[in-house]
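Common to both upcoming complexes is chain A, partnered first by chain B, then by chain C.
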Partner chain A sequence: MKVSYYPGCTLKTKAKNLEDAAVASMAALGVDFEELTRWNCCGAVHSLADDDLIHQVAPVRDLVRAMEQGSDKVVTLCSMCYNTLARANLLMRQDEVKRKTINDFMNEEKDYHGEVEVLHFLNFLRDQVGWDTVRNAVKVPLNGLKVAMYYGCTLMRPRNVAIEPIGDTRIMGEFLEAIGAAPVDFPEATTCCGSYQILANPEAAHDVSGRILESAIRAGAEAMVLSCPLCEFNLSKKQPEVLKKNKISREVPVYYFTQLLAMALGLGQEACRFDLNSECSVELLKNKNFPV
Partner chain B sequence: MPIEISEKTIKRDFIDKVIKLSGQDINLCFQCGTCGGACPMSDKVDTVPRRIMRMAQLGMEEALEEVKSYWMCASCHSCTVNCPRGLDIAKVMEALRLLTLRKNVNMFEPSSLDAETMRDLPQIAMVSCFRKLTS
Partner chain C sequence: MSHHHDSKEPKQKKKVQVATGDRAILPEGATTIPVYIMGKRYEVPETLTIMKAMEYAGFKFLRGAGCRGGICGACPTVYRKPGDYKLHFGLACQTVVEPDMYLAQIPFYPANRAAYKIEDLEPNPEIIFSLYPELFRCVACNNCTKACPMGVDVLGYISALKQGDIARAAEISFDCIQCGMCASRCMGELPQYHIAQLARRMYGRAIMPRARHLAKRVEEIESGKYDEMLKSLQTMSHGELEKRYKEREREPDMAPNGTWLPANDPYL
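Our next item is the complex of A and B:
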């Protein structure tokens, strides 16, 4: 199986643990993950202004690259890239007038009409690989590790790009069960972590992140998985500040979902990259006798 | 404090701009407040989304310029997916931001980031912050 893969800039620098684990896992599952030979930053956020088409050019270019490569699907890992690419794709499929303006503007490129499908890695795992294949490939089952499923915003909103219908989200739970973990749902699973406000209004971001961590702890989670490097930054890298500000006494280990997949598939440290996670995240796995 | 609302205070061209930029018929808002209930920032902002919608309907351009809450919006779309009138409130927030940013104003100074912060920061944090808060 050959699949086009769009990494995005953060996965090449600050979130190597999200990417390396995914690419190695795909190889272990027999999927030929082919990175787009040329790609550019998608812009990280979808432009919400109706007159602002110039910011759609970057994500559309990436979709044209995938089309040129002969793919009908492009898979992304970063939740924000997923959202940005998927929304630009919808625009190109649904808005005739804007599609024409954008295609005319990029006259050096092939015309694009939304030919490519944008998939998040979780949907790809479920629909193209299949949970049974994943389950059968597991070498190190997670032994019922209680993991909070944090979706955040950009996988779930707005509705027209949600990776699953809002209110009926099972995908992360199915994934965790397939690798032997015990999924923990919690009330703040889709609450925003504060996003880019971590730069402009860090105190406010710490507050909302605190709410998320507290809610996961109260639901009985031992750890948390997520799929977005900005969520990871706010909830894990900034966790010491968040815990202090919100007077939370317990640390919460945080992993990218791909890291737990790679570990379950029995892949080594060069794939799992737990060296890039927080200390408490590594500690928990050691205490549970997982190979770290 | 009483607020004067009259033909004089209602800025029609401002209302038109907000509607055009956001693509949302803000007059549909019936002030239920669901958006604020869903907003992760609502306990930290000076003006909840419901109130912003009302101020926009009434063309309160100057008063809205003083409001800080759309600068604290994280574009999380919680308001949007919950509005019973189907309004994309996140787009209204963006329209209000752009009406200021397009006057060449920065609400965040990229140069204020020190090297230590930059070292750990994921690119998406910077790209999205600059996209939302700088001109």
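Our next item is the complex of A and C:
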């Protein structure tokens, strides 16, 4: 069995903290985590139009790349990449007619029938690495850090690609417990952050983002983890606007889940990359006497 | 201008001769083949390139021909072959005619080019994104790569740029000759070749490591180290120059690399 890692464009540009922390953590755990040598954009958003097959070409091409490199699993960190790749994979496995159309169009590539399995990093950690391995490797347990588990949409919807049964919100909790933190479930854990509405209709995006932050605070969280650069943009980069518009008085530190993993494994700044997070995120960790 | 296969002349043993070069008058017995240039049939000598075949057929290039050496990008040509639905692409000056090929040259293809002063640009992918926001219309259909007569992985460099990797994009696109065939086939309407050129300019200006020995040599030249020597050569008599040339030190043939140094080395 060979596992390939598919990073996605944003992890190479605006979300290096999501990637660097994961890659360093895998190296520290001694897990083979090799990036695909060739890959393109995942398609970013799954096209809902039934006959819009051209937008399936990008993710399918990435799956072909993984197959070409002899992998039977491809792991992603970004929730949106996970979603587009997993849904395209499902289509190639289940819809014979569309599969033929897409394979015919991409006739410079090998035919693809869904040979590769798409995994989100959390599932990879649980099923391929194992929580015990993670737990045993922890050098800095994040004792007392109360973290809201924010899933957002694309890890959980639609049901047939959800990283765990809807309503479970277990995997992020297990992850946080493995690194010593205290997971905080909250009612808006799978509410949409506002997504691309931040461009066309920022007010509406700020409204839902505000609801999510408020809900996390009310549930007793000191911070929030997530795995999607767009959620991070709406909930963290845009947080000053969100707090102002919704009259929320407390800032909420937001981290990629991989950053907390890297910190718990005792990896340094060049791995954790808290320099790319908001100021309050760094302050909280300092106040807790974590090595940042 | 055409030499038909089905000539009524008495059958005689055909002397097979290959037409070579760009002679307009065919050697006796040279084989011709039919090609369709912009839909019209012409009989042209086999083994000619598309460009020479078109000239043989009577076309004169005012545009659409440049270096004739496969590097200037002026003569991209699109063609189809009988029984094959695929589009093929090649440079007219490099591609040899095939029987019954349908072809047309596309010497220019409109593609928007952003205005910028390269001196003012940081080598930052965000700047490329803002100058060419079309970049993100790419759907990875790969038609660009299929259309490239130079075999450049166009989708590869577009993907590298979306990943913020200017150096990689510059490397992958190095063989680009700016012919525009990628842009002609792009369903996202990207001007790929202009984007790649910007990437290579940024790479060359600000990312590529500088050669320190070159800077040192330029400094030496500017400091006047070679002025005297050049002046003495310029004022030297013909006879003296000839003598010096004959007596010059020569690296022995087949000397292994780096094993020989001249005795006269004050300017090294």
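Methods note: the second predicted complex is superposed on the first by the 290 of 292 C-alpha atoms of A that agree within 3 Å, B and C clash if a C-alpha of one lies under 4 Å from a C-alpha of the other, contacts with A are read in each partner's own complex, and residues count from 1 in each chain.
As a working rule, a contact is a pair of C-beta atoms (placed from the backbone, for glycine too) under 8 Å apart; a residue touches a chain by one contact, two chains touch by 3 or more.
This is a predicted model, so every value here is computed, not measured.
A.B. asks: Looking at A:N40, would you say it contacts chain B, chain C, both, or neither? Reply first, second, both or neither.
C.D. replies: It touches chain C, and chain B stays clear.
A.B. asks: For A:V254, is the partner it touches chain B (first), chain C (second), both, or none of the two (neither)?
C.D. replies: Touch partners of A:V254: none, neither chain B nor chain C.
A.B. asks: Could you look at A:A262 and tell me whether it touches chain B, chain C, both or neither (first, second, both, neither)?
C.D. replies: A:A262 sits against neither chain B nor chain C.
A.B. asks: Which partner, once the models are overlaid, touches more of chain A's residues, chain C or chain B?
C.D. replies: B
A.B. asks: In the superposed arrangement, does A:L48 touch chain B (first), chain C (second), both or neither?
C.D. replies: first
A.B. asks: In the superposed arrangement, which partner chain does A:A178 touch: chain B (first), chain C (second), both, or neither?
C.D. replies: neither
A.B. asks: Which partner does A:L230 reach: the first (chain B), the second (chain C), both, or neither?
C.D. replies: A:L230 sits against chain B, while chain C stays out of touch.
A.B. asks: Tell me the contact category for A:C9 with respect to chain B and chain C: first, second, both or neither.
C.D. replies: both
A.B. asks: Common interface residues of chain A with chain B and chain C?
C.D. replies: On chain A, the residues that contact chain B in one structure and chain C in the other are 9, 13, 41, 43, 55.
A.B. asks: Which bits of chain B are touching chain A when the two form their complex?
C.D. replies: 20-23, 40-41, 44, 71-72, 74-78, 80-81, 88, 90-91, 93-95, 98, 107-108, 113, 120-129, 131-133
A.B. asks: Along chain C, where are the residues that touch chain A in the complex?
C.D. replies: 125-126, 138-142, 145-146, 155-156, 158-159, 162-165, 187
A.B. asks: In their complex, what parts of chain A are in touch with chain B?
C.D. replies: Its residues touching chain B are 8-10, 13-15, 41, 43-45, 47-52, 55, 78, 80-81, 153, 157-159, 166, 191-192, 194-201, 204-205, 207-208, 211, 228-230, 232-233, 237.
A.B. asks: What residues on chain A touch chain C, complex-wise?
C.D. replies: Listed in rising order, the residues of chain A that touch chain C are 7, 9, 12-13, 38-41, 43, 54-55, 57-58, 61, 105-106, 108.
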